[in-house]
Structure formats: C-alpha cells, structure tokens
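The two complexes that follow have chain A in common; it is paired with chain B in the first and with chain C in the second.
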Partner chain A sequence: MKAVAHALLEPGFFSSSQVHVAVAVGAAAAVVAAAVGSFAVLRGQSFAGEALGDIGATGGAGAFLVGVGPLWGFLAMGSAAAAVMELVGIQRARGRDLATGIVLAVGLGLAALFFSLDATYHPTTGATQTILFGSIFAVPGSTVAPAIALGALALAIVVALHRPLLLVSASPELAAARGLPVRALGAAYLLALAVSVALAALTIGTILSTALLVGPPAAAMRLSARPVRAMVIAALLGVGAVWLGIALSWDSFYWPPSGHGWPVSFFVVALVVVFYGLAALPRAWRSRRCGQRHGAPGQPPTMPARGRRPAVGG
Partner chain B sequence: MTEPSEQAKPADAALMAADAARAAEAPLLAVEGVSVRLGGREVLHDVSFAVGAGQFTGLIGSNGAGKTTLLRVILGLTAADSGTVRLAAANGAGHHTGQRARVGYVPQKFAFDSDMPMRARDLVALGIDAQRLGIALPSRRRRERVEQMLAAVDALAFADTRIGSLSGGEQQRVLIAHALISRPQLLLLDEPLANLDLASAQGVVALLARICAEQGIAVLISAHEMNPLLPVLDRIVYLAHGRAASGTTQEVVRADVLSRLYGRHVDVLHVHGRVLVVAGAGDDSDLEGHEGGVSGGSHSGGAEVVL
Partner chain C sequence: MSRLRRMFAVLAAVALGGAILSACGAGTTRRAPGTVLAVGAENQYANVIEQIGGRYVTVTAIESNPNTDPHTFEASPSVAEAVSAAQLVVQNGLGYDSYMNKIESASPSASRKVVEVQKLLGLPDSTPNPHLWYGPTTMPTVAGTLVADLSALQPAHAAYFRARARAFDASLSPWLGALAALRSDHAGIPVATTEPVGDYMLQAAGTVNLTPFTLQADIMNGVDPAPQDVGAQESLLADHRVKAFVYNQQVVDPLTESFLAAAKRAHVPVVGVYETMPTPGYDYQSWMLAETDALRAAVLEGKSTQKL
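For the complex of A and B:
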C-alpha cells in the first residue's frame, strides 16, 4: 500500500510538516464547508457565502498589514459582514441580495486600499496571491489548533440546529407556523457560514472559497435525495477534492515548468467541478434506461408519472 | 368560482344545535373582535367566531377577502390591531385543560426546489420533531409513524420522491401529513383546493372529512369556492370586505345575511344542487368595479355570479 503511494507521490510528501498541516486544515475546512454549505444551497444563500468569502479578502489584507495570521482577518471581517447582512435584512427574500451586495461593495473597496498598502509596506510577501488564491502549504503550524476549534464550532451549530434549519430552509412559513424562531436560526446559521468561509479561504483563498462551500453539496444533492446522506456525501467529496488537490500540487513541483508547482486551489476547484459533472451521470444513465424501457413495444408503462423523478440513492 | 357542486347537506337540526352549543361552551378556537390593518387598509374588521373540538368549518370568501390574513392571525404570524384569539385545548368531556391547543397548518403557497434533497417522507418526519436539537437518529417507531401517516393521506406511492418534483396535489397531501403527524387539535388549511381539478378537490375534501371524524381533529379550511365543501361542513365563516358572518350553512348562506355582509343586494340561488351567490340582474355594473370584494365573477344567464 505504502509502496503504491510512494510510487504515485513524489518524494517527501509524507515527511513534510507543511503537508501534515495542509492535510489537517484542508480536511477540517472541507468537512465544515460541506455541512454548512449544504444549508447555503438549500436556503439559496450561495451568494451570501460568496460575498463573505470575497470580504474575507479585506480581512486577510488587513491582517497582513497589522502582522497577524490571515485566518483572524478572514474571521473578523466575515463575522462583521455577516452581522451587517443580518441587520440590513438578509431574512427578507428581496432584502437578502441587496444587503449582500451593499456589504460586498463596501468590503471590496476597503480590500483595494489594504492590498495597495500591503504592497507599499511589505513588498515581498505576496499578500495578494496568498489571500485571494490561498497557499495552504504556507499555513503555520500554530494555526492548526484554532482552525480545527473554529471548524468544530461551526459544525456544532449546524448539527445541533439540523432539524430546525432543515425545516426553515425547506419552508420558512411552515417553520414559523410551528413556532420556530426563524430569525434567530438565520442569525446562528450566518455565524456558522462566516466561520466556514474563513476556513475555506485559508485552504483555497478567498475568491475560490465558494467552490468548496457550494460545489460538493451541489454534487451530493444530485447523488442522494436524503438530507443527511447528501451532507455526508458532500463532506466525502470535499475532503477527497482537497486531499487529492494537495497531492497533485505536491507532485506538480516536478512538472513543467519544473520547480514551481501548481497551486493547490487550482486542483481543488478543478476536482470539485469534475465531481459535479460526474454526479449528473447516474441520473442521466437511469433516465436513459427508463426511456428505452418505456419505448419498447408491448411493455407496460413502468415510467414514473411525468415530472416525478425516481429518488436517487434512496 | 362558478363551479358549484352540491347543496348544503340536509342538516340534522338536533345535531347542529348540539355542535353549536359545544362550540360556544368550550371552543377550541375563539376569535373575538379581531381587526387587522395592513398597509394602511383595514383588512379584517371586528371578526368573531368560534370553532369547537372536532368541527369541520369552512372559511369562505373571494380573493382578497382576508382569509389568509385571518389564518395568520390565528397562528400568531400576523398581529391583530385589536381583538383576541384564544386557543384552548379541551379534553374529551369538553373541559379546558388549561393548555394551548396544538395547531397544524397547510399554507396556501409553497414552492419547493425540485433539486432539494428531501423526500416526501423526510418532510413528514420533520412534522414530528422539527423543533428538536440534533440530527434525528434512525428509529423504527419514528419510521413506522411516518409510514402510517403517509398511508393515511394516500401518499405512500411517492414517499421516496423528492418533495420538489411532486405535483401540486401530491405536495398538498404531503403537507397535510406533515401537519397531522404532530397530532394537532386544530388543522388550518389555506385554500388547499384552489389549484386542484374538481375530482382531486373532492378527494382532498373526503380525506380531510375522514381524518377529522376519525381523529376528532377540528378543521378550519379556507376556500373561495364553497360548493366542494358544502357536503362536509359543520359550520361556515363567510368573509367579505374583511367582515365575517358565521354559523351553520343554513344560517349564513342566505340572501339577507350575505346582502348585509356585502353591503348590497345579493341572491342565493340553488341550482342543480349547487349554491350560487349572485348579484341581482342590473346590479352587475356596480360589481365589476368593486374593489377586493365580490370579484372574479362571470356572467351567467344575465346574473353576475359572485361566488
């Protein structure tokens, strides 16, 4: 087994402490992104997730300026933005995109300022590249513990509130009629979203963080009609994409142009897109078979009624 | 609006009186003097009525009459500007238990995303314990309870299908199961028949009447068309211009009562076993432009069909 791994992976992969950190932080980020992102897709808040990621850039650039780890910048800016979005009115369908858009515009304006100051005062750090596109191999070991603790917090929120959040996401009106605190649930969820976006930004950068948040849940929803199962599949796909991305990126040091290596985020996003595409295959295959059976002469009509799809992965 | 079906069921007068007495004595739901202003307009004006345990009550009124608003006030989702809503649970003997009655709700509008990973049975299961913390552990009792409920609303055939890819009528039945599985004492349904063809509408009405009778659940069902409901209604609450008249069908669906409610002369016609509420001939120009009230009529033999 180990021999196979060594044959596939270039030397030093298992002994590098950078790889250990990347594997741990990446897995935590992927699991949390899958659990939290599944609700973002259900609730139609993917745009809010995207905005929180982009605004993380402001926090990350600010963190470079004052000399603290980017995670704290992502987190501070993300939670502040989430709070403003909640206050401005993310709970109303129309208010939602408006609130998100306003916060996004203000945040990115500040990001432009911070990045230019970064370039003036710390011209050699490559802050822009690191913040926007991530550099998981450069995450310091001291970040591992807080990253995992934050991940556990976000995961605890969506696991504890799983059933209420599921009903609110499916139908806010049903949830309200049942006496669930719809607004408080939304606020708690937004906090979990801000934390998970910060972790995803640490892994693959602020701009690409949405890919980890939305991609695996969207693929998983194609594979299973069950809410919990879809979340578990999303977590597996996310961890798979991150780990495979880390391995490929490590290997790519030996690819042309030699000695540079391709960024992890490129591989992760590419793999997520591939997973999303592959996830469409089982259903396409099934409906083709269904169609053939339906078309055969003298066959009883076994097609499900129009507009009904067979439950996948049931 | 112009497809009435059957005449009011010939009422057993004694039974009706007993029902009314029970409703007055220990009503499950008592709405008293409720007025609601929305957007600067009075949508409900001094609405009062009561629903007794196990009663099947129709909330009838044309579009914009205030049905949805009234149901939302009962649920506590919209605040009344004045008046009170009391929901008091009663035991079998009709005595109050001092607790708030449990209420189930099937909203008028629902739009489930067709990709959403939630099967019909998952939504019904959420009806049991959506307020609980944590992920539901698989349990045989829970699964069997969901299975029974799905069977009761005749939804087993599509139990494993994604809720968003079901037809409107199928989603409706799943929502009824979602509401019923929490064992409510009062079930509120907002225009469940609005988008169904006549046969499906009759199917849903029969289903509700059966569940109401078997499980002793009181039903308050809103509709803009009363005829499909008439065979099963114990009582009726008729809304027009935000005002209400309530009582048995015989007491309410009468020319004098409805004329007073609409503020103009209307006739109540019994045609082929259907009830038509119409404005008198020559009065229809007045009806056409009238806001919010007796709208949506169509011409029918010289008379404007109101409801």
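For the complex of A and C:
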C-alpha cells in the first residue's frame, strides 16, 4: 500500500501542512456539494447554484477590501444573494431564471467594482486569481475548523429536510396540497446552497464551484436512480475528484518544466468531467444489451419520474 | 414636439456637464512658467527627476500610494492626460508600468523624451525581477540620462542640472557605504522574502535569499503558489533558518500574512519593503538607506522594522 502511494505520489505529500488543509477543506466542500448539489440538479436549480458561485466573487473581492478571509465574503454574499433570489421569485419556474440572472448581473457588476477597488486602494495582488479560480494550498490552517462547521450545518439542513425537500423538488403542487411549507423549505435549501457554494469556491474558485456542485451529482444520477444512494455516490465521486486533483497538482510540481505546479482547480474540474463521461458507460452498455434482446432500445429501467426532471435549469 | 425639446435640453445639459468636467481635468496639472513638465511613473523616479531638475521641472508622480500594489495599477483618464502633456517621462519597464507605453502610443509626440529604465540598463524583457530601483547602480545611471535630456530641453540650465546630479550621486554614498559594510562584514547571511521587490538590494548587501524564486514570482504575479514552495518557506521561518524576513508591504494576501505570522511566532525579525517610495518623510536616498539600516538591524540585532 505504502509502496503504491510512493509510486504514485512525489515525496513530501503526506507531511505537507498545505496538503493537510487542502484535503480537509476539499473533502468537506465535496461532501456538502454532493448532498446539496443533488437537490440543485433535481430542482433544476443548477443555474442558481452557478449564479451563487459567481456572486461569491463579489463577496470574496469585498472580503479582501475589508481584510477578512474570503470564506466569509463568499458566505455573506452568497446568503444575501440567495435571500434576494428567494424574494424576487426563484420558487416559480417561470420567473426563476430571470430572478437568478438579474441577481447574477448585479452581483458581477459589484464584483467588478470591488476588484477594481482592491487593486486601487489595497495591497492585494492575487485577489482575482485566488477568488475566481481558487487557491486551496494557500488556505490558512485556521480556516479548517469553520469550513468543517459550516459544511456540517449545510449537511444537517439537507439531511434533516431531505424527505420534504425531495417531495417539493419532485412535485411542488403535491407538496403544497399536503400542507408542506414550500417557501420556507426553499429558503432553507437556498441557505444550504449558499454555504455549499462558499466551500466549493474556497476549494476551486467561484467560477468553477459549480463543477463540484453539479458534476458529481449529475454523474451519480446516471449510476443510481435512488436519490439517497445517488447522493452517497456523488459524495464519493466529489471527494475522489478533489483528493485526486490535489495529488495530481502536487505531482505536477515535478513535471517539466519542473518547479511550477498546475492548479488544483484544473485537475478537479477535469476529473469531474471524466467521471461524468464514465458514468454514462454502464447505462449505454445496458441499453445496448436491452436493444439486442428486445429489438428496440428501451428506457432505462429504474429511473423514476422525478429523476427525469430537467437536469440543468440554466 | 415637447418631447424633442426635452431631449435637446437633456443633451445640452450633458454636453455642458462634460465641458465643465473636462475643464476641471485640464486644470489639474499646473505648471510653473518656464519649467519642463515631467512625469515619473513611480514616485521614486519622480523624486529623482525633481532632485536633478530642481526649479526647472514640474514633476507628477503617477504611482505613489503605499497601500496599493503597482503591479495591478490601472490608469485613469487623469493619468493619461498627465502623461500625454509631459515633455519628459521616466518609467521602469519590464511590464511593471506597461500602461505608460499604451498611453504614450495613444498620444504620440515627437518632442517627448521617454526614459525606460529597463532599456537604459540594457536588460532583456525576460529579466525576472522588475524592481530595478533597489539596485544601487540604477539611479546614478538614470540621473546621468536625466541631465542629458533636461539639458536638451533647457540648454541654458545644463550646468545647473550637472551640478545637481553630482550632488545626487554624492548623497547616495551613505547608502552605498551601508551596503558595502554589510557585504564585507557579514556576507552570506540567509534571509527570506515574500516577493522579489528588495532582491537587488539584498544581493548588493551580500545576503542569500533562501525563498524559492518560483514562490516569490508567484506572489508577485498573483498566481496560485505550489504547496512545495509554501512548505519550504514555512519551514525556513519556523526553523529560524533565516536572519530576516523581508516583507513587501504592498503585495499582501492571506498567504503573505500567514508567512508574517509564522515569522513572528519564530521570532524572525521582519523588514518591511515597498514598491513605491513611502511618503512623506523620505527621498529616494534616505528611503534606501533606511531599508538597508533596517536590514542591518534585523540580521545583526534581531530587531524588526515592519514599517518604515
């Protein structure tokens, strides 16, 4: 086992405190993103997730201005944007993309202002790169505890509410008829989404955070139709992508021209895409076999109705 | 009809407002009669122009805010105006102030003299460290060129410019002496930095910068650093393998702050360095001397000078 690890990993990986922080924060982000993101895919709120991530850039840039860690900026701006989206009308399918798009535009406009103010009045240099594309190895160790606590909070929200959330996601009308507080559920979910996006932004940047949020759940839903099992698979895929991405980024330091690693975010996003592609294989294989046996390509057998709701709302 | 009239009224108001604004803008560069209008892209160059040109120059510094990073500076319309009106411009080059080239080519002038310090020193574009003013031979060379350019613009005062350049060169000797003393008595002292801003001075003082250059370049360029480099830097500080931590006060991010905290934990003395001349209270030579004295106090007495 140790020999395998040493064959795959360049020296110093396990003793590096940067790697320890990255592994902890990245895993928390991936697990929470898988759970929360699964609902985003089911609810057709991928675009909302993407928008909350992008708006995180505004918070991150603002955080540099006032001199606090970017995580708090991501979180504050994400929650504020989620609240505005909820108020403007994210719960109605028709107004949803409009509300999201308008909030996104305003948020990115503010991000442009804050980045400009950062550059003009504050001695920051890496702000743009760090916030947009992530800088997991530069995350200070003191961020680990709050990141894990926030992740636990978001995870607790979706675990506690997963049954009503599933029903609301599958059929809002039925849920309302049963007397479920559809709007409150939506608001609680958006809060969890904002937290999850903040953690993902810390790991791979605000622009790419959506990859962690949507990619593993989308891949997992190709592998299993059962929501809870799909969430577990998504969490495994997400953590796998992040940890493997961290390991590859570590190794890339020794690739020619040596002495300059490739960013973690690139590897994570590339792996997520690979996982998504590979996840289509079992089903394609199955449907080909079904086709040979019955003469016509059939529907995948186990996909329930709610799983086939539009996967991407953007 | 009334709608059309209202539109005209609005347009007129906008045009008037624009005229007032542009009049205000033009009034900002006030030039003493008979002087050369000069611009220093960074205030250390503006300071040297002032020292050589004396009462025959009116100098504007583009970058002088000690709380910003010049690497990410964005030029505003007023900067463009100051540069396009200037007869003499001094800029660093090496991509450090490339906005100057853009403004200059946008407002071409056959009579404007542009001193690009990179070209003056004959440095290739691939030179990794752009912070040329920390090098002890840079400003004397710049001063020599300024004498020639100012004399061409104002031939009547050539002797005055020459005399001031001699005085400037002489006033650098305390700094050069301090560098030479450090180099001869304590050569090879290990130091760490966040960024290569002071590296030419550190070399001239005979110190050895143990921070990997890739990390310095990544922090300077705002690129995600490799964890191996970050780990190497942390152990330099935590194990107290360096005598001073030279900290760029103008390129700061959570990573540099975590290094600063690590240095303080390990009681490694900190020396603050700057991208532009800290004002008020300093001219170029007293700034450089203060930096070198702070370095000496750090490596010999373990004393921090985090801010000048």
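What we mean here is this: the second predicted complex is superposed on the first by the 290 of 314 C-alpha atoms of A that agree within 3 Å, B and C clash if a C-alpha of one lies under 4 Å from a C-alpha of the other, contacts with A are read in each partner's own complex, and residues count from 1 in each chain.
Following the convention adopted for this analysis, a residue touches a chain if its C-beta (ideal position, glycine included) is under 8 Å from a C-beta of that chain, and two chains touch if they have at least 3 such contacts.
Nothing here was measured: the structure is a model prediction, and the numbers come from that model.
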First, second, both or neither for A:A230, with chain B first and chain C second: first
First (chain B), second (chain C), both or neither touched by A:A220: first
Which superposed partner A:A99 touches (first chain B, second chain C, both, neither): neither
Contacts of A:P70 with chain B and chain C, given as first, second, both or neither: second
Touching partner for A:A198 - first (chain B), second (chain C), both, neither: neither
Which superposed partner A:P263 touches (first chain B, second chain C, both, neither): second
Touching both chain C and chain B, counted on chain A across the two superposed complexes: none
Contact footprint of chain A on chain C as seen in their complex: 65, 67-69, 71-74, 212, 214, 219-228, 230-231, 234, 249-255, 257-258
Of chain A, residues touching chain C in the complex: 12, 16-19, 22, 64, 69-70, 116, 118-130, 133-135, 137-140, 249-250, 253, 259-261, 263-264
Residues of chain A defined as touching chain B within the complex: 42, 159-164, 166-167, 170-171, 173-180, 220-222, 224-230, 304-305, 307-311, 314
Of all residues in chain B, those that touch chain A in their complex: 75-77, 103, 105, 107, 109-110, 112-119, 122-123, 126, 129-136, 158, 160-163, 165-167, 175, 178, 182
